[in-house]
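Have a look at the structure below, then the notes.
Note that the chains take the letters A, B, C and D in the order they are written out, and that residue 1 is the start of every chain.
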Amino acid sequence: MSILVDERTKVLVAGITGRQGAFHTQQMLEFGTRVVCGVAPGRGGREVSGVPVFETAEDAVDKRGATAAVLFVPATAVRDSACEAIDAGLSPVVIIAEHVPVHDAMDVMAFAAARGAVVIGPNTYGICTPGGKAKLGIPPGRIFHPGPVGVVARSGTLSYEIVASLTEDGLGQSTVVGMGGDPVVGLGFVEALKRFAKDEETRAVVLVGEIGGTAEEEAAEFIKGMDRPVVAYLAGATAPPGRRMGHAGAIVERGRGSFQSKRHALEAAGVAVAEMPWDVAPLVRAALLRGSGGA
Amino acid sequence: MAKEVLRRAGVPVPDGRLCRTPDEAAAAAAELGPIAVKAQVLVGGRGRAGGIRIAETPEEARGAAAAILGMDLKGHRVETVYCEQRLEIDRELYLAITIDHSARRPLLIASADGGVAIEEVPEKAIIRRMIDLPWGLQPFMARQVALRLGLPAEAHAAFSDIAGRLYAVFRERDATLVECNPLVICDSGRGAPGRLMAADARLNVDDDALGLGRQPDLPHTETATDLEKRVRALGLAFVELDGDIAVMANGAGITMATLDALQSFGGRPMNFLDAGGGASAGPTAEALDILLSTSPKAVLINIFGGITRCDEVAQAIIDVKQRRAFSMPLLVRLVGTNEQRGTEMLRAEGIAAFTSMREAARAAAEASRR
Amino acid sequence: MSILVDERTKVLVAGITGRQGAFHTQQMLEFGTRVVCGVAPGRGGREVSGVPVFETAEDAVDKRGATAAVLFVPATAVRDSACEAIDAGLSPVVIIAEHVPVHDAMDVMAFAAARGAVVIGPNTYGICTPGGKAKLGIPPGRIFHPGPVGVVARSGTLSYEIVASLTEDGLGQSTVVGMGGDPVVGLGFVEALKRFAKDEETRAVVLVGEIGGTAEEEAAEFIKGMDRPVVAYLAGATAPPGRRMGHAGAIVERGRGSFQSKRHALEAAGVAVAEMPWDVAPLVRAALLRGSGGA
Amino acid sequence: MAKEVLRRAGVPVPDGRLCRTPDEAAAAAAELGPIAVKAQVLVGGRGRAGGIRIAETPEEARGAAAAILGMDLKGHRVETVYCEQRLEIDRELYLAITIDHSARRPLLIASADGGVAIEEVPEKAIIRRMIDLPWGLQPFMARQVALRLGLPAEAHAAFSDIAGRLYAVFRERDATLVECNPLVICDSGRGAPGRLMAADARLNVDDDALGLGRQPDLPHTETATDLEKRVRALGLAFVELDGDIAVMANGAGITMATLDALQSFGGRPMNFLDAGGGASAGPTAEALDILLSTSPKAVLINIFGGITRCDEVAQAIIDVKQRRAFSMPLLVRLVGTNEQRGTEMLRAEGIAAFTSMREAARAAAEASRR
């Protein structure tokens, strides 16, 4: 099992003829992903790594039966491309681009909500169900290994760091999903946790958060009712207030979204909060042991 | 700037004149009545620094302008003053449209307690109204807010109109915040039912929209040091801190984690530098170049490469080291494609190379204490 | 039983202080309708026929718990007033005004669909559940009588004519609903028929249609699967093609929406189509007799 | 008119000049190349009536304009001609945005078979694309249509742009139809990839929006007889028919039913007149006045009053009868508040009064045969 994507997911790649799109299509195929079609307006009829390219998502879905999409289009094209994928009935729709204007992101999320589609991102590395099942996005395939740990994260490379340490420690993953680092993103912690909570294979969840916003506090509320153990790591413990730390969301302002607020909320919900990234794997192992002992 | 954008969008704002001489200020006061004479400089806190004076008469306006023009405000010489009509304010309200990130929607915020920072207004005095996209702010919503604000019925239509125009500015201008504080009811005493006016305003525009050139007539406003500006010009996220270890990592989250790790080992980072998830050789070298120019006690580079080739990154670092011939300890953690070759190359050049983030952070903290 | 409105329906009247609004509030109250509040921006705090007036629908619903709305606002105010009622959670929302711009009507219907509200009208006399249960709109109360016949109609006075003839003939009504004469209206024949088909009290349905549009043809499709008898009357048998007959919808153009097309579609679905308005009641009586004989 | 609205909305339309003299037409041809010289009159079918001529050269343009200017077209003297650039048309498409009444939504209609009325295009050659409100026509939808039309990839962006502008006109102009027929691909021969242009256009605007004054710069266009205009000026719906019984009823549906009933009894209605659901005394009398002026063989009034007071309507009818002293049979069916008093009043004045629609219609048909 897994959440959102698996070996049955048939992937449409938007912007497949671009440099990034073409490169990662090859990477996703090598991972084992069923990339069935690409879209690139003005470039229909070509092939990229053997994947046929269409002018529109509608046409691609008609002819190749895609079920999900990953977008390698530039920030300016995200609004239209994401709405096109949603309108074509695809879900999840993974938006890789960074620097997407926040009003465009809000429009996309409203359109997705109206159509019942799941959007991941923007500004995300994507989503991966290890074991050669499905990778929609750009994370390095070698760091993943199938197993019982669900991972949901706001930041990219930090996810890789923690996933790699889980894998090194023999703790494989059910699905790893990057929410994206922007202030307005589609799938959030709570939506991901809800899905992990229903997934039979997932026996523990790692939440990788950071300062800024209130997503971790909202996650803590949900976790209170979860029966699976959750381990968290939060970046930005030492960040000075009022300075933006890269991500649009990573800023502590007016007392909201501070490290302490998040840590307290999560701990109050029974979450083991790791001090450092390398502390995550041991905490997960301990949680799994307790879980199997108790069950 | 914000008030000018609102004025063009049809929001009533106080009348005013740009004046370059005391005589012009006197003429403005003759025309507008009592005015505030404000130094036109792009620095905050000009009021406390003496850059704003009140003038009841043309003579007072002349004197105020004479005192302010030519003044030095935080390093900026005042060349012009803005003479703005003073309003007979009856009530000060707060009205803003911003983004609720968790709801992924625009949010209208209002309060009958205007004129102070919204953070200082008690929670129960704040009115929030979520706005559904793509429907936007509909007139009935503004009427609801007007009612909850306790505005007199005859002011509801004017309030609705202003709220609608603010929302239009918010959407058309890619704003993250449009704020009228205070939104005032003024001139009620003159027999008329009172006018609503944005006495002061703020407009924050989405950096990403600006970056894509969508609001060419609006300025990028940022408060950054010169060094920050230089690094950001490379397209990298950079913040100066007050420690002594220069830090670079690839990705905002891992960069923050690197700072946290350094401090857990007693190290003091002197910056946040996110070289981006891609972590290609070119920008890495350029950023390293700038970091070295700040004379840190040690430099820590933490690269978890996704698709990055570590040998290329290693070569770029080596090139910088050879070119600049620096002496401070350089500690590099490098993981990714060809990581073994990369670390070998670095070690051959006498650079401390790690595959563990923990060890690299610990070593950097120790090196900075030597 | 009945559809959409009954004795539990608590009615908000928008535009209650206007001439029409005030008059019909009194009429609705005399009928037995639970009119619990009115809305009139700028006139909150007054009373009309003992009904308290509020500034906004939100406030009125908060304080008086209305469940449905009838709008006596002018055409220019319909878009905002209807969206306000829908946003306040009211359903059905009955729009009496005629001459509502069709783009405004489309906006209202989209907003209602997004919120799951039922809109009746614009350009309708409204909806009535006889027996003093609920009248939202302007039809003369004296013509109604409670009973087993559901009525759904496009045109107003023609409805009255037919309802009065049913009542004279001793055939009471479960609910009578006017769709409205505009080309874009909310509740249509099919939506009304679906509700009548599930209503226990309704034993036969009268459909009052007219030339123009394709609403009757769509109704015929639905009726094929209905187990209750349907009797129809269609106005405009002798209307010349290409001339607009009052209603924006009542025009036969390009062969679409002709009398013959509608009559054939309905008859093919087993509907008894009355030649003249006064033929409706006898046909209903015959259908009810067959129905009780067969059941 | 439609083309001018589209041009202002940024839709490419053929260039042209309004000319009042043959010399101006020659100058236009010198500037624009081959042109069509079109009489500027507000009547249809001007082509067949000789109001449009083709001119390849300035000399031909001068001749064409000389022939058309001063011409009488269906009673209108031609004062100006429009000299419009002729396009080298490669393909003719059809593109329109209208309303799908049952879906309650805008609908885009397109076809690769343009230049003929869309009714004549076979169903399978017609592309339909429903548009969700309030989202509107998004660029990807226009690309889908461009693809299904078989347009070359390099024309997709231009097509998208035009479709987006048409949709904006549709919404902003309260249109019930915006149509480009033909939308042409032209000038492909000149080495360029070909331009898209609205060679002809139509814009139908919602009467209700016009009635509320929302499109003050757009004219009401209706084809109505003088009599129809007079009755419609009273705010009543009126259509002339070719029979001999004047008819008035209150409500469009019951008016149609009254016509149907009359004909079922062998009567021939001479008009459709919907006096409105309200059926108040004033307009009823005014409309009756006009009906009487058309010299019908009989007059049938069918009023099913909702809130109407029948005695008031009866009095209004009686007043007209007394004032005009007419002789043809007047048959009135009157139901509603105070209906008994109303019918008594009418009968007292010798007017045939009924409470049954059936009897009234039968009597009117019989009266007209006498």
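Before moving on, here are some points about what is shown:
Rule of thumb we're sticking to: contacts are C-beta pairs under 8 Å (C-beta built on N, C-alpha and C of every residue); 3 or more make two chains touch, one makes a residue touch a chain.
For clarity, every value in this text was computed on a predicted model and none was experimentally measured.
Compared with chain C, the chain whose C-alpha mean position is the greatest distance off is B.
Of the two chain pairs shown, C-D and A-D, the one joined by more C-beta contacts is C-D. Computed centre separation for the pair chain C/chain D is 28 angstrom, with centres defined by C-alpha atoms. Look at where the CA atoms of chain B average out and do the same for chain C: the two points lie 55 Å apart. Centres computed as Cα averages put chain A at a distance of 49 Å from chain C. Counting only residues that touch two or more partner chains, chain C has none. In chain D, the residues that touch at least two other chains are 134-135. Because contacts link the chains in a way that matches no line, ring, star or complete pattern, their graph is best described as other.
Which chains touch which is summed up as A-B, A-D, B-C, B-D, C-D.
The touching residues of chain D, counted against chain C in their complex, run 99, 101-102, 104-106, 119, 132-134, 171, 174, 176, 206-209, 211-212, 214, 237, 239, 241, 249-257, 259-261, 263-264, 269, 272, 274, 277, 304-307, 335-337, 356-358.
Those residues of chain A lying in contact with chain B across their complex are 23, 27, 75-76, 99-103, 105-107, 109-110, 125, 138-140, 153-161, 164, 181, 183-186, 188, 208, 210-211, 213-215, 218, 233, 235-240, 243-250, 254, 275-278.
On the chain D side of its complex with chain B, the touching residues are 134-135. Against chain D, in their complex, chain A makes its touches with residues 41-44, 55-59, 80-81, 83-84, 87, 111.
Listing the residues of chain D that touch chain A in their complex gives 135, 138-141, 143-144, 147, 153-154, 156.
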